[in-house]
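Mind having a look at this structure? Questions to follow.
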Amino acid sequence: MKVVVQVSEKEKINQAVKSVMNLINDLGEELEEVEVVFHQSAITATIDEGIIKPLLEKKINVIACRNSLISQGINESSLVKGVKIVNSGVGEVVRRQKEGWIYLRL
Amino acid sequence: MKVVVQVSEKEKINQAVKSVMNLINDLGEELEEVEVVFHQSAITATIDEGIIKPLLEKKINVIACRNSLISQGINESSLVKGVKIVNSGVGEVVRRQKEGWIYLRL
Amino acid sequence: MKVVVQVSEKEKINQAVKSVMNLINDLGEELEEVEVVFHQSAITATIDEGIIKPLLEKKINVIACRNSLISQGINESSLVKGVKIVNSGVGEVVRRQKEGWIYLRL
């Protein structure tokens, strides 16, 4: 299965990443793809290598919301290498579900 | 596609409305219908014209949870004109998904 | 229909239980099964009889996340009788959706 994870709050970034790792350990081979979408105040995660690298190393898609980058005054050049940008995090979460991905809001 | 949006926390009302607007801008014509359900402490949004009018102007369904109105001591006559009431916000969110709507929890 | 409910935050336990009761009252016979998954800081609910018993009395499945129990230093023997344990709360939420359950994040 494929899972799209939404992370919205800055205060929950670390807990969310921990939960994503638990998800991977729990579901193992059942899990085909995982995508983590950071938006709203949680967008700051996408410029923090200590947070993002472990996710990328697990072959997780890491997505940054452009609207949130602009709101928070973060330059796209500051993103950790490997992070992809979408126009809106909410649009991405909705589109992925339309494609059949399972939704998890952390 | 059709999207049902759940807004639960008072502190997140403004951010949630901003995200709904971003969703509309991002998905454009792909989006057939959007419904925003305010419940729990976020129910207060439904008596605030400055918050609700821009949503109604975008042809978004705005829904108030009756249980939350009662909990917060808000009279139905105080609702912004155009807001619809359901017995429970959570019931609405579940029913919409049953009907095939995509879920977004802000 | 079948609904899987995710409760993540300790501060929201009481409100979440209230919403689950509202869901049951609202959907009535339409609702075949409800499962409430407590994880992250909300795991503490699973050792509190005053919170869990009313749920069990309504034939709701109450689930505790083992990862969260370990993180919070809660012994499995402290769980309210009738609570079931899964390896990870997020894995449970994803699996249930895969099985066709509707997702509600409180």
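Quick notes on this structure:
Labels for the chains are A, B and C, by order of writing; each one numbers its residues from 1.
Quick note on the criterion: contacts are C-beta pairs under 8 Å (C-beta built on N, C-alpha and C of every residue); 3 or more make two chains touch, one makes a residue touch a chain.
All values reported here derive from a predicted model rather than from experimental measurement.
Overlaying the C-alpha trace of subunit A on that of subunit C calls for a turn of 120°, given as a multiple of 5. Different-residue interface: subunit B and subunit C share under half of the residue numbers found at their contact.
Here the spacing of subunit B and subunit C, counted between their Cα centres, is 25 Å.
Looking at subunit C, one finds that residues 103, 105 touch two or more other chains.
Put simply, subunit A touches subunit C in their complex at residues 1, 3, 15, 19-20, 22-23, 25-27, 102-106. Looking at the complex, you find that subunit B touches subunit C at residues 6, 8, 39-40, 67, 87-91, 93-95, 97-98, 103, 105.
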